[in-house]
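Next come two complexes, and both contain chain A; in the first it sits with chain B, in the second with chain C.
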Partner chain A sequence: MSGRWLAGKVAAALLTLLFVILFNFFLFRVMGDPTTQLARLPRSTPEEIEKLQASYGLDKPLIGQFTDYAGDTARFDLGTSQRSRRPVWDEIVDALPWTLILVGTGTLIATLLGSWMGVIAATRRGQKTDDGLLGFSLFTYASPEYWIGIILILLFAVWIPILPSGLQVTPGVEFSSVFAEVLDVAEHLILPATAMTLMLLGQYFLIMRSSMVDVLTEDFITVKRATGQRWDRVVRKHAVPNALLPLVTLSAIQFGSVVGGAITIETVFSWPGLGELTFTAINDKDFPVLQGTFLIFSFGVILANLLADILYFYLDPRVKAT
Partner chain B sequence: MTWSGAFSLLVGSWRGRFGLAIIGLAVFVSIFGTLLAPYDPEASSLQVLQPPSFDHIMGTTESGADVFSQILVGTRVSVLVGFAAAFISAVLGSTVGLASGYYGGWTDRFLDALENWFLVIPTLPLMIVLARLLDPSLTVLIAVIGLTSWAGTGRIVRAQVLTLRERAFVERARALGAGDTYIIRRHILPNTLPLIFANTVLIIAVAILSEAALSFLGLGDPTRISWGTMLENAFNSGAPSAGAWWYVIPPGLAITLLVLAVSLIGFLFEEFINPRLQKDSGEPAAADELAIPLVQKES
Partner chain C sequence: MKNLLEVEDLRVEYRGRPIVGGVSFSLGKGESLGLAGESGCGKTTTALSLMKMLPDGLKQSGGITLRPEGLEEAINIGKRTEAGMQVVRWRHVSLVFQGAMNSLDPVKHIDSQIAEVIRLHEKGVSSGEVSDRIADLLTTVGLTPALGKRYPHQLSGGQRQRVMIALALACRPSLVVADEPTTALDVVNQAQVLELLERLREELGLSLILISHDLGVLAETCDRIAVMYAGRIVETGTVEAVFSNPQHPYTKRLLDSLPVIGGERGLAPPIPGAPPDPGNPPKGCSFHPRCPYSTDRCLIEPEAREIAAGHVAACHFSPWASWPELESSGLAVES
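Here is the complex of A and B:
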């Protein structure tokens, strides 16, 4: 039974991915024929344009073009960047680790801090602390994350100049050891990761808080209290583990906004990840790169959703029973 | 939901009053902003990046324009894009949700798959790709944001229609010979409208944030000033490293306040419709239980 369920989820994820590839293909091949970009040179003759189209395989029928495209994509051939003339896949491979570092750090801290704040607020429901945390999280929910990033630069790189305002590593420095280099990167990571954390914090906090509020009103908590256990032990041992489940689903849903945040926050901090790659591609109208980053972002989100489904399946016995 | 019910809901809590006040102010400024602005928002001068003074209460930009005038004039784009995109999203979402919930079968399967796709795909990259392909303008921004944010509404409407379809009053109407169009118009739609409304209010917030993000990334309407393009210009001109807080803080704060106001109103309506979200005492919940938005932030 569980095998069939898993296979269904994987099939659905693959289908979504196929739709992304199909969408990418149509959007760029049909709406924006790449030769119209390249043929803008004033003296290109019709023969030259035809030659160009043939070199892109655009003279073939549409179905043929799509199977070519899907095949290339499966072989990680995502075309060539119009700006750098490098394969798009290479650009993505270079940028991906930086995005993973930023997104990973931000998500990790936001999950821990957010759920901790949620527990604090739920156990002090209606008190000043609770109101303060709610107000804070509503504010971070409503404010643009790149604006928060710019304010962080203003605060900690300009007024109190203790942290670098951009890039991932101090340029032009020979590091004496790997450790020194890691330390330097960590220093550059602080501000963008803080911006990412602040962006995600509110939602984790709100989910954890309402989940805790629900759990704390359940009978088994009352029973535990009646056995004479200390309150903070009841919260830690019994309430928190039961309230954690919704966070798993949230992490997956959040992944979409994480991607959005990666684009704007990396832009603000010149962090050389996929987001900054997307930003430079927007300015250069570099469609192959835009296509590539869109594909990778979508793939990431689809994968995250699938993993969350699987995790949920193992964590929640009620899903298994159905 | 009656008009008087909606009114007392909005005026009866600080959240409603705060939300209404900010939205009212934003709408007023978006209509009369050009008249209220003390300076031509695009006029450059030699007073470049000046801190706030008596002449320029929010200082000046990198080209010597008045920040306060730009804030006033820029309100229009946020309000316009927010409302128009949310409207498109509401129409699309409720049409798809109604059709897929009411007709079921293959229509449902197809539309449900489409909805799923739009729910899973990260929205900002999708909007970027679409906005870059079409040349940036206000219409393109509205269309792109509207087209990419309807799926959540569709999902909610579909669920509601599925339960309504089986209700006795709908079956009675059908037994008496009512056609599909009549049933949808007279029974299904009126009972779904409050839900669509609450959800659309929350989409306005998302649309405002999306416009700002796209404009910040250079995909805004180049002929119009908006809070997002202000942040773009401030950032690109190096205002943050010059310490020009007066140029950086106002546009972001304006976005935050408007989004906050719209979200609070949206949460209020959601609570009103879904009493489960209210506190046990019957009092409307504090900003809380419910503040878990049904829509995601520019995902």
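Here is the complex of A and C:
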């Protein structure tokens, strides 16, 4: 990999991040003075409100506020949660692993399953299998993820009560071993991860299917078949590696909607991740926490795009030429 | 000596409609046959059916027999199953495809694409032997072996077509089918690739089926030529015989459309009309609606008749002693 190429991509990512920090700052200033929300109690005196404003640095001019904010952000100081009185950074660090587990599991399964289904459908184009997969994917793609979540709870936690309806781990239980704890978490993960998978599956399937249909009409596929390879080998060795390319881009772009999905799915399943943290922060008008989670989400999307660029570099030799 | 390839009454149908309607030809060892004709006349379909590679929905019938040297029994391609064809493809018949740009997998090195076919057909070759053969093949087609480390997009169109030819020779087949091998190339590369094919045929004793709409290309490279129209061969013979003494009005009109260097400046007279819909061919001779010499007799399908030794035409009026003068419909170009 050429260093210059990588440096350019990283610089572009950093520039985007810088813009996000700038935007994030003004977004929360445009929404109004947070202290008026907090100090809506009729008995608060103007002095108290002023004191409150000073504690958030809101008495300073905008430029001063921004340099404070930028400096704090650079030191990973994202402020203090108004609800829990804990540093926002700590709240995020606590919630992040849970989101990563959920989003990671869902994305992994959706990518593998979706692309596999896409290959199956594209090689059986126009047949019943293709129609069935297409119908199923369009249905899950069109259904809101929180609705899928509620249906899953209804099916597998209420009607057939075999899985927990929420939380990440059974509360108040002393686990005999780490293994037992992992098993318990895994059990709690099944339903939200299924909802996440179903939310993402349709798009991965549709992109992979159309990408495969395109690749299969290429001349080199005919040539590879003419070389005497079995058809399934041609598909596996030549069609799939070429068809995977658009999927990489999609996974990165998808990351934005994954974040949105995480908020609703985590809320439905009371999964203590960043999504739920965001949701409670919105309800509590907990601005510092919101500002922090926005930043982390944006960072995640930017990082995902950077990784996709780098992955593309390895997958498609033509990228190196440009 | 028996012919390398015998094709007898090859028919291809799509939903009961004939796409190729009874094509027969043969090809000797080391011989090259040109298939000429307009787009959509069934040239590529014929080529693909030689490897049993027609797209779903197209049904082929008729006899195709291949007798590669050193093989006891003839290969009856017409009766082979898909699995049976997989050992024949590339080992005995290989294909140089028309799209020089897209005939190679864009995400694989040249070397690995050639190595793949060698390993596929020859079990137990050492990797040293494979890389030696790749280097040999690339040298044979006039490329430096170092190019094997590259990806297809890093090569020019001419280089890619040479790689494609190297790939086609990788398993030392006895027959190479080249479908418009020079169409996507510029004139200089066209000439070089044709020269290469010609040289390889002489050196390796290959038999070649060259498909082109370009009569000039065929004249340069082939021993014999078969002119196709609407899914049939309307005339076949040696290149000299067909070019100097065409015996089918379609061949005649095709040849007339070639510009003559030093000749009159102007656009060649076009053949009026369009090729027939293969699903709905005209009654009788399929060329008669476009033929300036057609009469009522042409409503009856003409038999292919031998006019001279090895020169066959499917026209009621052949042999034509001379061609009646036609009113020129050529468009003069102001100079």
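Following the convention adopted for this analysis, the second predicted complex is superposed on the first by the 303 of 322 C-alpha atoms of A that agree within 3 Å, B and C clash if a C-alpha of one lies under 4 Å from a C-alpha of the other, contacts with A are read in each partner's own complex, and residues count from 1 in each chain.
By definition in this document, contacts are C-beta pairs under 8 Å (C-beta built on N, C-alpha and C of every residue); 3 or more make two chains touch, one makes a residue touch a chain.
Computed from a predicted model, the values in this text were never measured in an experiment.
> Would you mind checking whether chain B and chain C clash or fit side by side on chain A after the superposition?
fit
> Have a look at where A:D316 lands relative to chain B and chain C in the superposition and call it first, second, both or neither.
After superposition on chain A, A:D316 lies in contact with chain C alone.
> Touching A:L134 in the superposition: chain B (first), chain C (second), both, neither?
first
> By residue count, is chain A touched more by chain B or by chain C?
Residues of chain A touched, chain B against chain C: more for B.
> With the two complexes superposed on chain A, say which partner A:L191 touches: chain B (first), chain C (second), both, or neither.
The answer is neither, since A:L191 touches no partner chain.
> Touching A:V235, do we find chain B (first), chain C (second), both, or neither?
neither
> Go through the superposed model and pick first if A:V20 touches only chain B, second if only chain C, both, or neither.
Only chain B is touched by A:V20; chain C is not.
> Figure out whether A:L290 sits in contact with chain B (first) or chain C (second), or with both, or with neither.
It touches chain B, and chain C stays clear.
> In the superposed arrangement, does A:A226 touch chain B (first), chain C (second), both or neither?
A:A226 contacts chain C only, not chain B.
> For A:N305, decide between first (touching chain B), second (touching chain C), both and neither.
The answer is first: A:N305 touches chain B but not chain C.
> After superposing the two complexes on chain A, what is the shortest C-alpha distance between chain B and chain C, in Å?
Taking the overlay as described at the top, chain B lies 13 Å from chain C at its nearest C-alpha.
> So which bits of chain A does chain B touch that chain C touches too?
The answer is that chain A has no such residue.
> For chain C, which residues are in contact with chain A within the complex?
So the residues of chain C in touch with chain A come to 51, 53, 85-91, 94-95, 97-99, 102-108, 116-117, 120-121, 151, 153-154, 164, 167.
> Report the residues of chain B in contact with chain A in the complex, numbered from low to high.
Answer in residue numbers: 113, 116-117, 120-126, 128-130, 132-133, 205, 209, 212-213, 216-219, 231, 234-235, 240-243, 245, 248-249, 251-252, 255-257, 259-260, 263-264, 286-293, 296-299.
> Show which residues of chain A lie in contact with chain B when the two form their complex.
12, 15-16, 19-20, 27-28, 31-32, 126, 131, 134-135, 137-139, 141-144, 146-148, 150-151, 153-154, 157-159, 165, 203, 206-207, 209-210, 213, 253-257, 259-260, 263-264, 267-268, 278-279, 282-283, 285, 287, 290-291, 293-294, 297-298, 301-302, 305
> Quick one: in the complex, what on chain A touches chain C?
218-220, 222-230, 237-238, 241-242, 315-318, 321
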